[in-house]
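Report on the following structure.
Think of it as A, B, C and D in the order they're written, each chain with its own count starting at 1.
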Amino acid sequence: MSKGKLNVAMIGSGFIAKVHSNAFRQVGHFFDIPYEVCCKVICGRDRAKLETAASRWGWSEVETDWQKIITRNDIDAVDIAVPNVLHSAIAIAAAEAGKIVLCEKPLASSLEEAEAMTKAVQHIPNMVWFNYRRIPAVVFAKQLISEGRIGQTFHYRALYLNQSGNDSSKGNTWRYKRSEAGMGAAGDLLSHSIDLALYLNGSITELSAMMHTFAPGRDVDDATLLLARFANGSIGTFEATRYGVGCQNRNTFEVNGSKGMLGFTLDDMNQLDFFDATEPANLQGSRCIAVTALAHPYGQNFWKPGHVLGYEHPFIATLGDFLNSIARQEPFHANFEDALAVQRILHAVERSATSRGWVSVEGQTA
Amino acid sequence: MSKGKLNVAMIGSGFIAKVHSNAFRQVGHFFDIPYEVCCKVICGRDRAKLETAASRWGWSEVETDWQKIITRNDIDAVDIAVPNVLHSAIAIAAAEAGKIVLCEKPLASSLEEAEAMTKAVQHIPNMVWFNYRRIPAVVFAKQLISEGRIGQTFHYRALYLNQSGNDSSKGNTWRYKRSEAGMGAAGDLLSHSIDLALYLNGSITELSAMMHTFAPGRDVDDATLLLARFANGSIGTFEATRYGVGCQNRNTFEVNGSKGMLGFTLDDMNQLDFFDATEPANLQGSRCIAVTALAHPYGQNFWKPGHVLGYEHPFIATLGDFLNSIARQEPFHANFEDALAVQRILHAVERSATSRGWVSVEGQTA
Amino acid sequence: MSKGKLNVAMIGSGFIAKVHSNAFRQVGHFFDIPYEVCCKVICGRDRAKLETAASRWGWSEVETDWQKIITRNDIDAVDIAVPNVLHSAIAIAAAEAGKIVLCEKPLASSLEEAEAMTKAVQHIPNMVWFNYRRIPAVVFAKQLISEGRIGQTFHYRALYLNQSGNDSSKGNTWRYKRSEAGMGAAGDLLSHSIDLALYLNGSITELSAMMHTFAPGRDVDDATLLLARFANGSIGTFEATRYGVGCQNRNTFEVNGSKGMLGFTLDDMNQLDFFDATEPANLQGSRCIAVTALAHPYGQNFWKPGHVLGYEHPFIATLGDFLNSIARQEPFHANFEDALAVQRILHAVERSATSRGWVSVEGQTA
Amino acid sequence: MSKGKLNVAMIGSGFIAKVHSNAFRQVGHFFDIPYEVCCKVICGRDRAKLETAASRWGWSEVETDWQKIITRNDIDAVDIAVPNVLHSAIAIAAAEAGKIVLCEKPLASSLEEAEAMTKAVQHIPNMVWFNYRRIPAVVFAKQLISEGRIGQTFHYRALYLNQSGNDSSKGNTWRYKRSEAGMGAAGDLLSHSIDLALYLNGSITELSAMMHTFAPGRDVDDATLLLARFANGSIGTFEATRYGVGCQNRNTFEVNGSKGMLGFTLDDMNQLDFFDATEPANLQGSRCIAVTALAHPYGQNFWKPGHVLGYEHPFIATLGDFLNSIARQEPFHANFEDALAVQRILHAVERSATSRGWVSVEGQTA
């Protein structure tokens, strides 16, 4: 049986476009996918940079005007890997042209954009690259929670710490400007933590947040902290910062429940810590599970038990699952709707930081 | 040279009285102290229990009425190891009788009591058993911060998690009742975290907190969470809970600064993690320092390098330092004043939890 | 400038052929390489399996007779990924036909084969897939040792533990048969540890070994242990086993020297532990370096600092370095000569296990 | 009921005498013991040092001639805490005088001495301070092994690494001289590892060892390494060194069995790692058990769950158990017989290191 071709356009040529390119190149090596993926065109502002990226990753053509991509009939899917403020125009145009839309997180630079985008893709296959959802250890955590292995949740606790803000060489890039990024650490880092929290622990009903900027003159948050109440009765703390000196990319969560505890840190992404409080008292202990067994999520897709995965594999798995969901006409998550839920939380965070009090997360349903 | 005798009365006969008794028995073995400590009398409600404790720990007499202790001329020091609500009456009476006063934390069951107590001991040697201040790793952390080894502080982050609240056998003890304990996790656990934060990172100017009770019918907090601003410009998160299933006694702090990071957890109390961001990029990493060298705090007092300390040693060190401070007429910390500062934070926490907004910590000076 | 084509034939279609295939697919994405790699033909015994592998990984043709590959003029390089006992015939034939030869480890199933193979490739670009040499943390360890950061070496200590032998489902595969594998844990696991030891700590002069088989009727070693003396005056212990229940793929080394210590474990392959004994006593501690900085080996090739690599990346790096070495006519390691040195140690191990005494490693030069 | 007095004489006034003194002072605080322990006299060569020790630890008298102690009728028990070469004369004399004999490890400076000593105490209560046997985590490991929780043992692996040998300030003390210590790292460090191995895994039948001295002119081993076969069919590796730079007191063991794995390190002495291979594949992981629960060994003796012990507590537990064993006329381990078994292994180690081959451990029974 011959597979249908899926012609892809990549909008963007920076770091994350490299990561997505790798996913398009690798997805067929590790997943049975219903399409022959064709890396058709890569689009950006700087032609020289595009030529290099195209040559390196095998994009057939380069293009500097994204609007030309939208009007081409030979493009099936548009992948958006550009600064946040540009997401909405491209996504909406692509959706209106009937393209499949893939978008880097955070979905948008404002709640309004996110809402418009979500509406636009309503009848179009769509996804957002919340890559950490497909780390095997994270999927396995979700599975254990769903099976009731930690019982009723009491506490959810997440950190996302990096040290980029303290590095003066980075302060002038788009991620540090409100006009291009919309938010700082909140959009860049906290959005990941919130997405995982909603995925693992359900919706947040209200929160109290603070946003803080350490660098003089910077107009986005360097650090955002919040306390939250979840619909399931548990309570949570979140901390996202670019001034977590000593941490390059420390993304962690812990969940305490009536029957046990789960813990994850991206530094050791192939592991999940599980404490089973139903064991006899003298045998209780946090066990470090190497989530690389055949029986684990994606355990059949990559290497062998005990052979670890790296940063790029969850992107490959995200793409593999998304392509299959399209062909099977099944729902896929995280989609724009899911990312809109994250954006609503970020919006509530801003409202709370301004009002200096608790706010409810309007419009969110459990 | 013969030493003066110090006749001690212990008020209390529970777990913490046992820990204090051990400190009185051991202090002379590991510290040069200016007194001959005499364990004179142990006082409590249950005579049989007292007899057992006296026989085990070598208290010469037992007594069931603490007020009789206060009026005895042969008692030099009174150590208070009873439920929180009883602290103030005993401490004030002892101070008025001119006794040296030692008091278990938290200082009191309310801010008003704490203020009265602090006033009462103004001219009397006094201390509060904030034992964690004298863990060698904690003292060493303080030293590194003071030396500027982590630079300007950005973030302070503390957890104190235990799982006692989820254990139905414990719910009926005094620690779970407002009338005896004043507060729940906040007084029991958070007070430790706050004391260490004030010690290590200076005063807190404002905070936003939530208090939550998981168990139906319980009238104290099972968990207290807060966000804080410190006078030095850093921001902090605190979480204290009795529903941290999976954690028996997890007391941690982390500090991120412009030049590095420090991390401590009570589970590994003989270690301090230090990340030095001034090292060359390729040699940076969090180093795990075994704080047992001769050059470390209390490195000459106990065993040899590489020979670890346990839970009781910081109590012994606290007592050793306190006794010397009396003889030398030097200030000692944590004293009632320090513990009052903690109580002010706890009070602000309650106000914030009620008002659902940020509150300033009145009366506190940096 | 257009690149020359490099037509590759893969001999083998099992797990390791998949890993090599990935390296051929990925090398150009992360390394500047002087060739256009063409995945020409994949060769094995089972045509159906080959078709699947070819389709998945993009091998243009399939072939079931490896000898036909050797005589083709359009094949530039032959990659050998078949059971050990087949390595020598293929490698020698390929070398005689002037092909570039890549060979999976261990080089051969006997010392005699290894010697003949090494002689055969003398004037041919050749390499052996000792992949762990190119883990960034391992390369960085080598760099620190070379810079004298741990001083004179005292101890070298290596473990390679897996639990495959205790899994009855695996006992019938070629790795457990002398006729196909030559050795058991020694060839499969210990060969890796020895290669790293020779790379990091120089040559071994004498050793005392034991080989042990736990499973009744099995004719290869399940576990091999040895003590060793190195030419640099240090002493070593090695343990390789398939009965290390609890360990899926635990490959570790530690080196103690006069100025410090290094430690590595494959489970945390993105980290290197470094203890600097030249620091002040109170600041000494084993620091865990995340070997993902731009300044680290291969730090510019893959992702960003703090973004971890997985099992396959060292294979990609091995291939990238090898292809560049060919074009630049520079030496490449590990080559057949290096693998022969490993084989000599394995041979000495067998002699020692038989003679139950120390043996010198003949023919090895420092 | 009044307790009988037990008058104790301490022979020695160095570090280990301090540790034993602490045990005598503390034992009654944590154990129900059948005697009133009286610290009667401390004996050594240097009167000034003795006076200090006596005053600090409450020994009633000082004495500089150990032989005078032996002839005193008012001494019930003699505790030997002097350099190894002095153990046998004192122990034999004390036994002949009918004293209870306690002796620091290793039992003696030679096998001959150890045999004579063991014979001498045959009808006398006796013990050797192999303190690590009474770390709760070690006792719990023994319990899990006995319950069959790790099944048939395959591998036993022990390290005892310190860095004292590399510290030139220590090279001139008695521990580095054959005439006073008998052996170097073997007697000092390896003896501990061997005792634990015999306790946990049963007797050793044969071994192959190497002893190495790094320091020029030193006449004892700086490092001793060995491979071993146990009577239960498992195989073992041992490494003891004073040149383990980076490790102050790293005493570890690991056991792999058909059903699981156990791991212990003295650096984290309150923890035991347990891997249960009978769990479902996706839930397997090494769990870190905090061995401080009420249900754990000595869980009722010291503090509360989650409150850690330090270096001295196993000494206290050793003494508590020993005193009870005397009163109950029950066997106690480790006694001289057990320590003699260790000495036989050390002797075999020396024979093997000399003969450069495997030797059987004569006279040892399983």
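Odds and ends about this structure:
Everything below uses one rule, namely that contacts are C-beta pairs under 8 Å (C-beta built on N, C-alpha and C of every residue); 3 or more make two chains touch, one makes a residue touch a chain.
What you are looking at is a predicted structure, and each value in this text was computed from that prediction instead of being measured.
Shared contact partners of chain C and chain D, listed by label: A, B. Chain centres computed from CA atoms place A at the largest separation from chain D.
Centres computed as Cα averages put chain A at a distance of 35 Å from chain C.
Distance between chain centres (mean CA atoms), chain A to chain D: 54 Å. For chain B, residues that reach two or more other chains under the stated contact definition are 286, 290. Residues 15, 19, 21-22, 25-26, 28-29, 56-57, 162, 248-250, 266-269, 290, 292, 302-313 of chain D are the ones touching chain B in the complex.
Within the complex formed with chain B, the residues of chain C that make contact are 140, 271-272, 274, 280-291, 293-296.
Taken together, the chain C residues at the contact with chain D in this complex read 150, 154-155, 157, 159, 161, 163, 166, 208-210, 212, 214, 223, 225-227, 229, 235, 237, 239, 241, 243-247, 256-261, 263, 275, 277, 286, 356-358.
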